[in-house]
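First chain A sits with chain B, and in the next complex the same chain sits with chain C.
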Partner chain A sequence: MGVIEGEGGSALAKLGNIKLSEAARGLALAMPPLAYTLLLLAVPILAVIYLSFTAREPDADGNMVMSFANYVRVWTDPLYLHLLARSVGISVIVAVITVVLAYPIAYFIAFESGKWRHLWILLITVPFWTSYLLRVLSWKIALGQSGAINSILLWTGLIATPFEGLLYNIGAVVTVLAHSYAVFAILPIYVSLVRLDRSLLEAATDLGDGAVRRFVRITLPLTQRGVVGALMVVMIPTAGDYVTPVLIGGKDGIMIANQIQAQFGKANNWPLGAALSVSTMLTIGFAALAILVLARKAGRLAR
Partner chain B sequence: MNTPIISIRGVSRHFGAFTALDNIDLDVKQGEFFSLLGPSGCGKTTLLRMIGGFMEPSSGKIMIDQKPMDGLAPNQRPTNMVFQNYAIFPHLNVADNVGYGLRKLRLDKAQFTARVQEALERVGLSGLGHRGGHELSGGQRQRVALARALIMQPKVLLLDEPLSALDKKLREQMQLELRRLQRAVGITFILVTHDQYEALSMSDRVAVMFKGRIAQVAPPQDIYQRPASRDVADFLGGMNFIEAQIEAEDALELKLASPLTGPITLARRDGFAQGLGKATLGIRPERLRILGPKETAPIEITGTLYDKVYYGEVTHYSVAVRGNTQPLQVAVTNSSGGPELAAGSEVKVGLDRSALVLLAP
Partner chain C sequence: MMAGAKNRSVLAAYAVAYIVFLYLPVVLLPLFSFNQSITPSFPLTGFTTDWYLALADEPEMHNALINSLKVAATTSVFATLLGACAARAFTRYKFRAKPAAEGIIMTPLFLPEILIGLSMLVVILWLGFELSLVTVVMGHVLVCLPYCVTVLISSFDGFDVTLEEASTDLGEGALGTLWRVILPIVMPGLISSLIVSFTISLDEFVLAFFLSGDEATLPVYIWGQLRFAAKLPIVMALGSLMLVASIGLLIISEIVRRRGERRLKPSGMDTP
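Now for the complex of A and B:
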């Protein structure tokens, strides 16, 4: 496609004259990040998939043996199935809670914050300037038996003995994850709300809707993409979180990622760890797909 | 019939130090096509949005159908609005857009469909009910917005520059259709526009607004032919202004002198309260004509032609005259096949006494 014009000038000038098609230029621009993504994302994933189909021990000649055994184990062992179900369950619950809590915040920033809008956005991201680990550890301090919450409750005399159930259970994991991922839910919802044409809201009011009807009929359907985006952005990474379950979850709060880590670490069974990883990816993929389909169905109900 | 459908008394609106509306008094009659005309920033949209309930006045009172509207939200008022960008709900099809306000009534399906169908037919969109709200042309969007508002059977329909997004041809067609539709449904229409032709061609009465005040309220002919002030005259098409002196007055007549026209006597207009002294006379360009060598007119002004602009159906001549800083604009219809006039030539401009309008300064 390249056309070289003129005969004079340096080779560099000639090179500059090469006219690439629009698509080719776009591809050229996207090349470095594309290569980076392929190298650091696609290749490792393919390696994990390959690994998951190998046996733990090579055969007598030292060759890799292909096997479905890892998957059979993952999908028949109640321990793994239970962990998988718990992880997906926690991630869905965390995503829903986070989005429900994030929506009013995003709404407030988009509609009511006026000239302080950018300050609010900044304030919401401030906690994320510190490391994830530190934030989880501070939750441990807050939720602990002699932590901040219990201390305050004791001090005010609302309770006589400290709560013990605040830490080391699923509830604690959900609380901490919901907080950790809040900003990722607020931002996409905020963006969709800011883009919402205000005159559509005025038109709905003009045609008789009160605040609640208008929200259900116009605001929510038209910010659906933001909401679904937020659900995905929270759900997918939380399913694979292992820091929070380790530090906060206790025995009952362990998730699938902890098991994967164990297989790649202590247990030294990489193929099984790989099979667990792939199974988790697939399960979460299906859960995400189900949410998309449900959201689309719900969207059609709006009238 | 004589009680106004909308009655506005002493309405003001301030935004910080800026006064958007300054003590507005206005009555709109039942069944009237009423226009609010003015340049951008004159407060016309603010006034419309207050009638619709999207904004509250800082002071004053708005009554619709003899009920005070203080603090009532748009969904509690007997008004509906056609928005400037039409505000078509993109996630709903045409039928659901049009029937949006009916859902609250919980009609059965047949009734709902019948009323939507009727509304679509009225605006010439029958058969497009299933089209998505996001896949409509500008004209179609406007019709959907109209049908969606009219289906609510409002006492007053508010239209916020509804034609400004359309191209010229479609705009002119929609002007006629809007007028016809208004007559057919008999609902009071209040139209906000900055286009004087739109206001003149569609309205029963026009209110011309400047800087938060109403300068004149009158039927289109009166607004155009007898503008109350220089501002109104200037906003509604071209107007030549001539300096004059009022030298004598009595109950019926004013005697004026102007270096251009010589002494003239004009009938006194109602409400014209200016005393003796300096005054401004206005003449519409189309009320002036270029006289041939043998033609005469009651008033004749000699000048030099220095420019002309050809517009197809009319040609605008600029004639420089002594004693007036601005050249006279003369609009000549290109039907008579008059003489070709070259720039620089001497011309005689003629007019009748009735072409002169005395303007408040």
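Now for the complex of A and C:
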């Protein structure tokens, strides 16, 4: 990296004694990764948006035909509407549960872990570094009808008949997703807690605030950015999760990604799959916006 | 200061319970991979290493492993190179478009992988390219880049510009400064970024699933085997090896990163 910038700089300087300005150098250096992301992410997404507005069959000359039919179908067919609502609903529930479960652990690491802080951070990040597919597979093994949880309870005599419905339903999907995205929720909250000015907490205590009141009025509002960030970073990817609904969801836990994949695969209706993808992102974007607005309002109320 | 003794122990107990929840699935795979029974349930029926030995007779798996290693190695080099450009630009220079550039490079972290995979698939097939390991690498570099940039920014952040200036003043050229001053200092960050992206690529499934065509990587191979109940123990053995590899790699990268940080900040400052 230094080569590009260093050689470019000195060559130019030799040529006409011009030096690239600091800003221009920075931008030039950031250009390769930026161009890469734009080319491989932004362009393909634009292509999908375009695809979503085309008809499935080209016209007689083989040209693509523009059409709103895919969106009409997505937004009128109860099957797709139901799947959309369910996926976004699941992702919001997962985000809220994950954040609520994550807050105390982030609090513990930030304030109570003392010299073991780094070890705790490592402990919570290690599972996240293992393959997502394998973690979901493990959950499937744990939750099955004759899986680890049921069989150990039967074996130890704690239950007489195995639990039914641990697997293949929304509850299982929510559990597994909340597990998978735990680190994404803990870290942003942890960072916001560490940055918190502790003298404010002491001041609140000195002024007679109890633990609960202090938490609601000081700690929570001041870590709002972390909490909202955690909600977003869990909610948006989970809405389009593919592996968990397929392995854990079964018929009752199906989500929109299964349907999108089916349109690009077996059903071979790419434009409809594209419209489903775009609709999912719009819906989740709208839900995210709603949460941002709500959080801001709640933050103002707390003060 | 923060809580009473009772609250504190409740919080600590919660933290321990949380860790158990986090590790539960990670422990199950290795446990059942040494179990004789083909179905993963209790009570365990006896210790065996047969499933691991059976891995030796899976030529398809060997191909997938080689594919995965190729993809992960290539991905880690490209993602780290691009990440280094970004991290250097973001830590060393100020420019107006910086927040926007950072935001764009970080976006893949926030998007569902299926969306990234399918979008790339559409463009690749429209352009008439064939799906191959190359297209998998293209996708993996994209999703690894945010992690590399994060790792490298924290490593470049502690970089003292005056060292660079001193080197120039003492007559080193740009290349000499890079080789003898900059590289040794940022090396731990670079290694840690290489390992992190290698691990992510090795374990990544969704993009590989959409972009790999006929050439399966390890996770894609595992996905294919899940249909066969009889293959489950072998898959669990393979999965356990992958878990060990991922955790081992992460620990190595942590050690390298810590050592580099300690060298940069002898005062022992905390970096979250």
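For the reader, a short list of remarks on this structure follows.
Note that in this section the second predicted complex is superposed on the first by the 282 of 303 C-alpha atoms of A that agree within 3 Å, B and C clash if a C-alpha of one lies under 4 Å from a C-alpha of the other, contacts with A are read in each partner's own complex, and residues count from 1 in each chain.
Assume contacts are C-beta pairs under 8 Å (C-beta built on N, C-alpha and C of every residue); 3 or more make two chains touch, one makes a residue touch a chain.
Bear in mind that the values here come from a model prediction, so they are computed numbers and not experimental data.
Superimposing the complexes on chain A yields a three-chain arrangement in which chain B and chain C fit side by side.
Set against each other, chain B and chain C touch different numbers of residues in chain A, with C touching more.
Contact with neither chain B nor chain C is seen for A:L289 once the two complexes are overlaid on the shared chain.
By the document's definition of touching, of the two partners only chain C reaches A:V48; chain B does not.
Of the two partner chains, chain B is the only one that A:I218 touches; chain C does not reach it.
In the superposition on chain A, no contact is made by A:L119 with either chain B or chain C. In the superposed model, A:D197 lies in contact with chain B only, and not with chain C.
In the superposed model, A:L207 lies in contact with chain B only, and not with chain C.
In the superposition on chain A, A:E22 makes contact with chain C only, not with chain B. Closest approach of chain B to chain C, taken over C-alpha atoms in the A-based superposition, is 7 Å. Of the residues of chain A, those at positions 202 touch chain B in one of the two structures and chain C in the other. The residues of chain B lying in touch with chain A in their complex are 52, 54, 73-75, 79-81, 83-85, 87, 89-92, 96, 100-101, 103-104, 148-149, 152. For chain A in complex with chain C, the touching residues are 1-7, 9-10, 22-27, 29-34, 36-38, 40-45, 47-48, 51, 101, 104-105, 107-109, 111-112, 117, 120-127, 129-135, 137-139, 141-142, 144, 146-148, 150-152, 154-155, 179, 182, 190-191, 194, 198, 201-202, 211, 232-233, 236-243, 247, 257, 260-261, 264, 270, 273-274, 277, 280-281.
If you check the complex, the residues on chain C that touch chain A are 1-4, 7-8, 11-12, 14-15, 18-19, 21-26, 28-29, 32, 39-43, 81-86, 88-90, 92-98, 101, 104-105, 107-116, 118-123, 126, 138-139, 141-142, 145, 149, 173-175, 177-178, 182, 199, 202-203, 205-206, 219, 222-223, 226, 235-236, 239, 242-243, 246-247, 249-250, 254, 270, 272. By the touch rule above, chain A contacts chain B in their complex via residues 197, 199-200, 202-210, 213, 217-218, 221-222, 299, 302-303.
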